[in-house]
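Structure below; questions to follow.
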Amino acid sequence: MFSMATQLFINGLAIGAIYAMVGLGIALIFRAVQAVNFAQGEFVVFGGFFAITFFSTIGLPVWLSIICGVLATMIMGYIFQRLVYVPLQRSTSITIVVATMGVSIALTDSSRIIWGAAPRLFPEILGSTVIAIGDLYVVPQNLVILVAALILFITQYILFERTFLGMQMQAVAQDKETAALMGIKVNRMIAITFLYSSGLAAIAGILVAPITYIWSTMGSGLVQKAFVATIVGGFGSVPGAILGGLFVGVVETLCGGFISSTYQDAFAFIILIIVLIVRPMGFFGEETMDKA
Amino acid sequence: MHKIIAFIGLLILAILLPQFSSAYVLGILVLAGVYVILVLGLNVCLGFAGQISAAQAAFWGIGAYTSAIINMRLGLSFWVGFPLAIVITGLVGLGLAIPTIKLKGFYLAMATIGFQQICFLVFVNWRPVTMGVDGIPNIQRPSIGGYLLRSDRSFYYFLLIWVLIAIIFSLRLEKSKLGRAMKALRDNQLAAEAMGIDTNKVKCIAFMISAAMSGAAGSLYAHFARYISPDLFVFSTSTLIISMLIIGGSGSVAGAILGAILLVALPESLRFLNNYYMVIYGLGTVLIVIFMPKGLAGLIGRIIEKLKFFLEHGRGREKVNE
Amino acid sequence: MLKLEAVSTFYGNIQALKKISLDVNEGEIVVLIGANGAGKTTTLLSISGLIRHAEGSIKILGQDISKMQPEEIVGLGCVHVPEGRRTFPNLTVEENLKIGASVLIRNGTHMSEIKQDVEKTLERFPNLMARRKKKAWSLSGGEQQMLAIGRGMMARPKLMMLDEPSLGLAPILVQEVFHIINEIRQQGTTVLLVEQNARAALNLADRAYVLETGEIVHAGAAKEILHDKQLIDAYLGG
């Protein structure tokens, strides 16, 4: 019983780390431009597909395919920002929701047209042999996910809190106009935010591809879970997105294992509705609801 | 007035078209009719009241399943199932609106998404009631006073009546005090409250009407197709309905009708587009949001205005020259 | 240093500035006074580039700024300390000061120099020194104002524009603020001041412009305006 719980806990952490990465991208975009991105899931999908193409079709080594996949997705993110967010800078939040939903639809089907409807696979980095640690069976890719996520979050913390670039990005997130008065190139900071968020999404896609495969319609489900994660953790908060993601991943996996596996996906949404009713600002929420 | 002429023209078209259509086209016409009602429903809560709902497909499903279960498993007629579907779905909509009353914009969207996903999972997994992925077969066509609507064509005309009722209802609602209160809420909630509007009540009513209309569409669909299964009532259908409204013109009844008909008919009529139509819908939504916020209906409206202006002033110039 | 000629600025269809002209010479303290809504803030926003002016020309150190982004205008040496302090609430006092020097860092000034500037600023403002690692939202109104001014100075500006620095401050702090502004001028920075608190501002300034509904209705030596009873009653709240 205990070992099953631990087993599920670890699996939950791994999928939670993925939710956290996607949610982090969403939170950063929200902090920068006060708008949500419903298409974030498609960047995950494209990231995975790009890497798969570089690896399977073009024949690059795994590590290079990963880098190229991330870069290609970042370029896509930059174009996306210029074409969608810049014209809609002063729109209402519903407008942005609808517009990014439209982009999500278009990108989902585009990926189907480009790569087909069948799920595609990316090779595992540490091989597929399950590692046995006492009573626990750890899928190696889960370990890769957890380690990668840890490195990523630590690196990000250093970047944001300890570098001047990070300070500028925080300033832009807190008060765009005053940041401009400081001489900060606000548009550049926003572009960097989008590049970084798309990169995060791509990494999430590449990390999860060996386990769940990549298929064109997986984006919307992922982005919804990621939104649940950011709302639970506190929308707009960076630690909130990370902890929220891990929380959702763990809870949904544990409930799926102990309560009901058929309704596993529902648990995240049940948590969502409870949080929205009881404490919409989540655990670390600082933004008022009106901003959304 | 040009609007009435256009409407009568369309109505004549709607009545005559099925006489010359194959079974396949007839099926599309019925589907278009169902979607018109769905989009009109979304138009009430999003177009009039500004409350985003990504749960329209879930409400559609609740109406469909209610009516189907009442008919197929309880053996009662469409005329029991249909009104019950409307009432029950409306109440469910109200049940969603009340706890989420304070949520706005993105948060409200997420709450409706959560509801949509939970509903779908219930449709799939609550086998004793919904029969899960197998779906519910053998739903009966309605009969009117002994006459069974066995042919698709006869059902089409039956549906047309309900579509017209939905249109007239939407138009009356738009002009009513409630409708104006909804629009005030949509444009500026604080200002609406300052004017004395009970925005909480208006929000709840908007959701309830929107859900009820979707429920009606669900019941009608179930009794036409005679078989329903969960994979119709998914999140991507909800976003499709949103796209239809946005492209057609959110807030306008004509826009809702236009969007629904266009987006149902397009992939069927332009075969070569069949593979790409989702991309076009998605891109269309984005482009309309950026460049034509009032949708195609708004665009057509502006063209008509310009034509009218040209005609009137053209005539005026002639008079002066005399 | 700064020259506005026939500048008009619109908010949508509303004309906030109607062909105003003013100039600020090196080493001066010039003050813009007028009632609420007269267009004082709009003037500063037009100069710092947050709003684009529709007509006329604005020249800083001889350069026309109409095609420049706010970040470039700061690069010319013109710093705008906005109305309401606008310190970055979740950055510490030190971080706020460092951010003020963004333009210098971008242009290659060494971090060590910036850190020296930060220390000097903190020495000048002992209140801030005591709270150097605290987040800005936890500071009092007066402390935030000092921080905003200190942050502005970090860019080593040639021209500093302050929008209502005395707003909401107790009289003792108001005095302190004006004292600091005088120091700033003595250190070689030109000052353009916007103030509701006309008397104190006129006491400090060399010259003044009176703004009413988007137009300059009076210009002259600050002391003259201060002693002109008619003007004081007509235009100034005091």
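Per-chain residue numbering starts at 1, and chain names A, B and C are given in the order in which the chains are listed.
Throughout what follows, a residue touches a chain if its C-beta (ideal position, glycine included) is under 8 Å from a C-beta of that chain, and two chains touch if they have at least 3 such contacts.
Please read these numbers as outputs of a predicted model, since none were measured by experiment.
Q: Which chain wins if you rank chains by how close their C-alpha centre is to the centre of all protein C-alpha atoms?
A: Closest to the centre of all protein C-alpha atoms: chain A.
Q: Please identify which chain has its centre, taken as the mean of its CA atoms, farthest from the centre of chain A.
A: The most distant chain relative to chain A turns out to be C.
Q: Count the touching C-beta pairs: is A-C or A-B ahead?
A: Ranking A-C and A-B by C-beta contacts puts A-B first.
Q: Taking each chain's centre as the mean position of its Cα atoms, how many Å separate chain B from chain C?
A: Whole-Å distance between the two chain centres: 55.
Q: Distance-wise, how many Å sit between the C-alpha centres of chain A and chain C, to the nearest whole number?
A: Chain centroid spacing, chain A to chain C, equals 42 Å.
Q: Quick one: report the Å distance separating chain A from chain B, using the average Cα coordinate of each chain.
A: Roughly 33 Å separates the two chain centres.
Q: Taking the touch rule as given, give the residues of chain B at its contact with chain A in the complex, in rising order.
A: Chain B reaches chain A through residues 46, 50, 52, 54, 99-100, 102-107, 109-111, 113-115, 117-118, 121, 124-125, 235-236, 239-240, 242-243, 246, 275-276, 278-286, 289-290, 293.
Q: Enumerate the contact residues on chain A facing chain C in the complex.
A: By the definition above, chain A touches chain C via 164, 167-168, 170-171, 174-175, 177-186.
Q: Once bound in the complex, which stretches of chain C touch chain A?
A: Listed in rising order, the residues of chain C that touch chain A are 48-50, 69-71, 74-75, 79-80, 82, 86, 88-91, 95, 98-100, 102-103, 105-106, 111, 151, 155.
Q: Looking at the complex, which residues from chain A come into contact with chain B?
A: Interface residues on chain A, with respect to chain B: 36, 84, 87-88, 91-95, 97-99, 101-110, 113, 217, 220, 224, 227-228, 231, 235, 262-263, 265-266, 269-270, 272-273, 276-277, 280, 289-290, 292.
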